[in-house]
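Shared chain: subunit A. Partners: subunit B in the first complex, subunit C in the second.
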Partner chain A sequence: MIPRAFCSIALLLSGLLLFGAGGCSGSAREHWKVVPRANITGGQLVMDVVSDPRTFNPALASETTSTQILGYLFRGLTRISPHDGSVKPDLAKDWKVSQGGRRVVVHLLPGLLWSDGVPLDGRDVVFSFEKIYYNPSIATSVRSELLVEGKPVSVSLRDPLTVVFETSKPFAPLLESLGVEILPRHILEPIVDSGKFNQSWSVRENPSHIVGTGPFILAKYAPGQFVVLRRNPLYRPPLGISPSSGCTMPCLSKIVLRIVPNDTSSLIRFLTGKTDLFGVTPQQMAVLKPEQKHGAFRLMVRGPSLSESFVTFNENPRSPIAPWKLKWFRNRRFREAVAWSIDRTAMINIVLNGMGSPIPGPVPIAVRAFFNDRLPPYGHDPARARVLLKKAGFSYRGSRLYDGEGHRVIIILLTNTESPERIQMAQILQANLKDVGIKIRIVPLQFNMLATMVMSSYRWEMLLFGLTGVLDPHGDISVWKSSGFLHLWNPREAHPDQKWEAEIDQLFDQGATTMDPVQRKKIYDRWQEIAHRELPLIDLVTPDQITGVRKTLGGIHSTPLGGVVPHISQVFQSGVLSPA
Partner chain B sequence: MTRIHSLFRRGGIPLLILLGFFLSSVLAEFLAPYRYDSVRFDLSYMPALWPSRHSGEWAVPVLKLKDPVLHRFERVPGQWVPVRFFCHGESYRWMGVIEGSRHLFCVDSPGRVAILGLDLFGRDLYSRLLYGIRFSFLLSISAVSLSFLIGILAGLFAGTTGGWADQLVMRLGEVFMAIPSLYLLMGIRAIFPPGLSATEVTLIMTGALAFVGWAGLARVVRGLAMSLREEDFVLAARSIGVAPFRLWTRHILPNMSYYLIVALTLSIPGFIVGESGLSFLGLGIPEPHPSLGNILAESQSLPAMKAAPWLLLSGMTIVGVVIVFNLLGDRLRDPDRMRRIP
Partner chain C sequence: MIRSIGARFIHLTFVMTGILFLSFLLVSLAPGNFLSQMAMNPQVSPEIIQQLKVLYGLDQPFYLQFFHWIGALIHGELGYSFSYHLPVMTLLLSRIPLTVLLTLTAVAMSWGLALPLAVYGASRQKGVLDRILTGFSYLSISVPSFFLALLGVLLAGRTGWFPIGGAHSPGLVGNGGLDGIGDLLKHLVLPAMTLALGSFGVLYRLMRSSVIEVLEQPYFRAAKGRGIAPRFLRFRYLFRNALNPLVTLFGMELGGLLSGAAFVEMVYAWPGMGRLMLHAVLTEDLYLVMGGILAGSFMLLMGNLLADAALFFLDPRVRERRP
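Now for the complex of A and B:
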């Protein structure tokens, strides 16, 4: 009997071992080589997306799959250069700024056509702004970006190819805002007039009804399976974009976006040669790096990403948390002590696989135009943190920290369960803060629940979270202005509660209405100084941007701000994969 | 003495293995070279590193991170740290009570001995497994005891009373059995606010597991009690006016003890799996406290599996423990049948 029992255990365990081993060597063992194509026109690009698009209406789209797809179908008057973040023409030919920045006259490119053959002119531009983006009955998230101090920009037609934008006050980010998608008047005007715009161009719409000016048009959408885009033969590229040698733009004839359940299946599909472009997280580097040669792809590392991660404390006097805790959190020295306790190198090595860098402040390093490089970064210095805490009125009993009133410093840290990286960062933070006597209890919550607790019930103490960085600091206004809804530490204040918050409010107002770039830089430098001193957000680390690119693709260049595809219409397929 | 002897004879090897597991988890503080939350951020995912002979004594080489992307380590030339035995190392409170710092073996920093490898935060998997087994064992044993208490009382009450009480208890039990247990567990866990301490979570999990597990047992106990109720010795006891509680403890329970012991051993693994499932889903004991489930949860992504396949050992431990418990249950239930198989 004994041998039998042991045999069964041994068999089961070895089965598991084999299964486990299979799991770890699950990466592709296929070896690929690239065979050049004779004619580079007419290739295809295959990518994965991890969710279905919610809408094909650019004015209503807010989640990433929809915006990614619509980015190929529609264009705005201007676009942002992926190389330096400057504003470049797209549908516009050129523009003239006058009256100290209060008037912008935009000339359209002549001969533009919608994908159904109807000519595009200034009336489409006026329609898009007046009837759609400024229409209060349409639920568009773009509107807030197009308001200058709460008022719409006046848009008028001078001649069929000239549109005039006028504001009551100078508005620095106006040109950037003109990048919003221009929509076809001849199709959408009757829909807007009948009040059905909020339901129009849904994912159930016949693809041929969705008419744009982008390099591609929607060919087919199968829910849960794929979205196929076809080349727009009537496409006219913006000025300054020259075709890749040997093809007319767009070079690709087809883009296929496969809908996959999660990131891991996307990783496996890239490894097995089924997709051409793949956004790599630092954790996945360990799997991908050894496979580069056999998989016929390269990994393009483009420096720190724009995304921010930070911890923040609840400083809101209206919140229902314990009054003594609020007192800690509103103490600048306490926050500074926390900033000095964090071991960001460990976070980079552990959470980001060594591929990342610490965040110095609210402006990402990649945004050279506004980054203030004179502020010293916070390092890992627990001794300094302990001194600061003692100065702030805290004291130690053994290794535990107590405040002046005798309360042990125990803090509940919230983060969201969807991001394993954040949970890992929270665990490192927990160990770091234990070194300075602060006890952290980590509570991962689902995003919606977290958002409710932080933004409406204010029932939270400490939060580890992230936001996407922006190119122009004005884009951070909802975070930094005291009345902003993302002003996490004290949202939607009626009046700025602390002196430095009032100063930041003022700086953001100034920054929005100052046109001189040197002056603007000075204004936002001052904001970064205050943020660095007061630490309402204690910045952590940001991953490097990495993209896996199949060697069959051409027209790919690494850019600091726009990924590896400077312009989608220049991408071409130079070869096909074949088993080596 | 003879009773213990006979228990061992009937339990055989599975019982010995389980006792080994149990003892080593009770002595986790002593057997483990490190605390469960002792981190080494510079040695993330370091593979197993066993002591070897170096200039006449057992020692481990000092490693440093060479490539954070692929988790490669290299030896710091010439640096070895000796392994000490029965030594003073990281301090602990044994079972949360007795303070101490004595370990079976230790290696001073910057050296790090790793019997099974380290996890993402450089915590020793071997140490964490010992603590994790303890947590899983203690939790499931207390949950089983609680669930047996509820199940036996409910079953006896229903079986001996009969009538509407029987109907009520049994239909209630069926409601519990009809809901898939993992969802029920998640539901119960979700009633309580997040941000509880490890002790509070442990108590809630114990309660929840017991709450979910009592119904099946109650049903069998009721059946046994109903048939025993009609036995002559029970009728005799009742006719001379023995009180119901004494009737239960003296006449009915002893006659179903053989079944209860077997049911006990067979249901512990279910509870271990239940606990692991909850912890795997992040609803169990919070990090950095280890349990078999949340150690396994660390290895659920492809990159983690690739970088540290040894984390899957916690899954194998769960499987191993469950199998051994089942073998023990089989032996206790039917010793003759087991003996007849060559």
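Now for the complex of A and C:
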């Protein structure tokens, strides 16, 4: 035992902290074997989460730990297939779309029960929408997703198991929006009526008071330490989800989520067999890869993630930046030259440890339903970039680039300090643009300060950033519509400033109201073509999605959109770890 | 004495009000607010952000927010956390006991080790043990506590001697029996040792130099020359006189009871105040940040007050200086 500890400490003191964790001599390695369990029903899944849940109230939750936990406790009428992003029934049995997409009649699964044994019916659905999500005195950000052109959807009860949703205009993403959690009327109605909903189901709530329909129920929460969920015996799986290997769903009896805010501590916990699933960053691959055999885990690489990174220029005529700079940024050829100057392969190799892909356009490759695969990628071609810059009216004095009015091309690039990867990408970008004569000064800023400069004062020139990836392009309407508040390069335009922006506005309006999936794909294909040509956002690279999975786990499949757990109720423990 | 302490209390009230006002001003002056992150989410509309701003009172000028908060404070309330949807007092009370347990254990370990060893080292200057301890104290000062903590986590992972993360095992929370206490101690050992090792160096160096200084004082030499018994000499003359600078340090340690372990808490996933406050600052959870500042400043001021009171009793020179 002692030599193991000394081995680790010696390696760490040599500055090889991460590599040392996996690179000690053979005697220092953890050797595990998997001993099969007699009964695959039961068993527990252990995972680490980075922070405490902030609330157990689905209407108030907005950060990832809370939403992850609540995803095990609550369900919506619909769910998104992790395989292809299509909408599938969850609490719903089926639905019928009529009146050209303005009416959706949803039939609920019969015999559904809340985890306290009370039957669930359409009144719970109407209550959730009308008294919670559309209630202006409730602090919920979910409301944004449920408004069609700023107006609530009309929700009415036809019979106990049938709910009718009606909109003034057809709204294609409505079915996806119906995935919001349905909440128990019998518990929450008195709380809403007393005006105390915003304080309800906090993290101090007695776990037995939190009643849901998900496969698990809250058993215990110790602040800063762990959340324990136990099997919901009254759970009824959605249609199309069948049990794995004959177990009764949910197969697991318990999920333990240990709160570990430090990445390295989490990595060590996974390496030493304390956790079953681990989200791996490309940088951690070097440590984990050699340990797979001994650690009884496998690494599942699922291709490019949904996360975005891009650079954009300030094209806003109302911004206080120098007028000649505004001229550069509004010049399409200038932006195209920048796109050709970027060495994305270097970014992948240096920043992502070789585990990533260039982002081809505004729709992630994983979102097959909308991804336009006919657009050629921008490669690294500085010679082509120089030709484009000359055509755009720029000239060279030595290796430095000047515009037609004699201004040296010097640009300030902002990015946020919270992401070391973005700072590294900015440094590579700086070197790439130096090759074509453009001088970049990098200014990393704390997120809130950056957001204020970009969204309120417009005092910025170039930005390296990323936004939350979405499955339906309509989710990006605030970025791409010229009136959008996140139309970063020129926000909240009164009228589209450029022709192509007007066309994108039109396409997004059509995309929202077109119910035919084939037609919608064509609409969003055209949008991607314009975005690819005009380059208001110049896409960079995205890391691969990698998960470390303990070999004892069953019900695990790699999916492009839902991680390695297509449905938590199907996951089971087929064995236990034992020292080899 | 009572008049002096009363005057100090009035002074402390003004200092505390100043700290709170400046902190509130600085937090409010920081760009953005709790909703800034949400505002950069394409799926949350500006209208919803505006509604939330009104609900949280963030649409009001900072001085109004401050006076509302002070008004609530007078009634014993610390405000409401935006991210946890809970009263700040409830949140702080759920985290303070474990942080205090961790830091007090660390203080007991570091003081319990450093003081006797420093006396020993100073009385045998340049001896082998003194050289080893001096070298170790330099190492302790120069190695950052988070790095020591990472070493500790690796040690725990490799050997399996200690659990990694948290203060309890899932089945043993709230277990007041021997199992529960044993489990808590097992979780406590490494974080407390890491903190103790981190402050050992400073304490050892300070106490050692203080003891050496006393050893060279004429009154100590005279006492020694008069043949006073070594034990009496050590405690009555040496230890008591060498303690003066450490009393001030002890006051500061008290001040750091709530805030001094943040890095170590992060690495060991110890469920204390440090992590709560770090998240609060990063997310600009205004009243939670203010609650943490209030608790931390209160402890610091009380620590200083206690240290001054202790010096008053220990050192006749301080007593004579009183107005």
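Quick note on the criterion: the second predicted complex is superposed on the first by the 551 of 580 C-alpha atoms of A that agree within 3 Å, B and C clash if a C-alpha of one lies under 4 Å from a C-alpha of the other, contacts with A are read in each partner's own complex, and residues count from 1 in each chain.
Following the convention adopted for this analysis, a residue touches a chain if its C-beta (ideal position, glycine included) is under 8 Å from a C-beta of that chain, and two chains touch if they have at least 3 such contacts.
Since we're looking at a predicted model, the values are computed, not measured.
Trainee: Using the touch definition from the top, say if A:I321 reaches subunit B (first), subunit C (second), both or neither.
Mentor: After superposition on chain A, A:I321 lies in contact with neither partner.
Trainee: Hey, is it subunit B or subunit C that touches more of subunit A?
Mentor: Counted on subunit A, the partner with more touching residues turns out to be C.
Trainee: Could you tell me if A:V97 is touching subunit B, subunit C, both of them or neither one (first, second, both, neither)?
Mentor: Touch partners of A:V97: none, neither subunit B nor subunit C.
Trainee: Of the two partner chains, subunit B (first) and subunit C (second), which one does A:Q284 touch, if any: first, second, both, or neither?
Mentor: first
Trainee: Please work out whether A:R441 is in contact with subunit B alone, subunit C alone, both, or neither, and reply first, second, both or neither.
Mentor: first
Trainee: With the two complexes superposed on chain A, say which partner A:Q199 touches: subunit B (first), subunit C (second), both, or neither.
Mentor: second
Trainee: Contacts for A:I268 in the overlay, against subunit B (first) and subunit C (second): which applies, first, second, both or neither?
Mentor: both
Trainee: Would you check which partner chain A:A502 touches, where first means subunit B only, second means subunit C only, and both and neither mean what they say?
Mentor: neither
Trainee: Per the contact definition in the header, classify A:V164: touching subunit B only (first), subunit C only (second), both, or neither.
Mentor: Neither partner.
Trainee: Please indicate which partner A:E145 is in contact with in the superposed arrangement: first for subunit B, second for subunit C, both, or neither.
Mentor: After superposition on chain A, A:E145 lies in contact with subunit C alone.
Trainee: Subunit A residues touched by both subunit B and subunit C?
Mentor: Shared contact residues on subunit A: 1, 4-5, 8-9, 12-13, 17, 20-21, 264, 268.
Trainee: Give the list of subunit A residues in touch with subunit C in this complex.
Mentor: 1, 4-5, 7-9, 12-13, 17, 20-21, 28, 48, 51-52, 54-55, 57, 60, 62-63, 136-137, 139, 141, 143-145, 147, 150, 198-199, 202-204, 220, 222-226, 228, 256, 258-262, 264-265, 268-269, 271-272, 274, 446-449, 451-453, 455, 467-468, 470, 475-479, 485-486
Trainee: State the interface residues of subunit C toward subunit A in the complex, per the touch definition above.
Mentor: 30-33, 36-48, 51-52, 55-56, 83-86, 90, 94-95, 98, 150-151, 153-155, 157-161, 164-168, 170, 173, 266-272, 275-276, 279, 284
Trainee: List the residues on subunit A that touch subunit B in their complex, please.
Mentor: The contact residues of subunit A facing subunit B are 1-2, 4-5, 8-9, 12-13, 16-17, 20-21, 23-24, 26-27, 264, 267-268, 282-287, 289-290, 343, 346, 348-350, 353-355, 412, 417, 420, 424, 427-428, 430-431, 441-445.
Trainee: How about subunit B: which of its residues touch subunit A in the complex?
Mentor: These residues of subunit B touch subunit A: 12-14, 37, 39, 41-42, 44, 65, 67-71, 120-121, 194-195, 197, 282, 286-288, 301-307, 309, 312, 315-316, 319-320, 323-324, 327, 338-339, 341-342.
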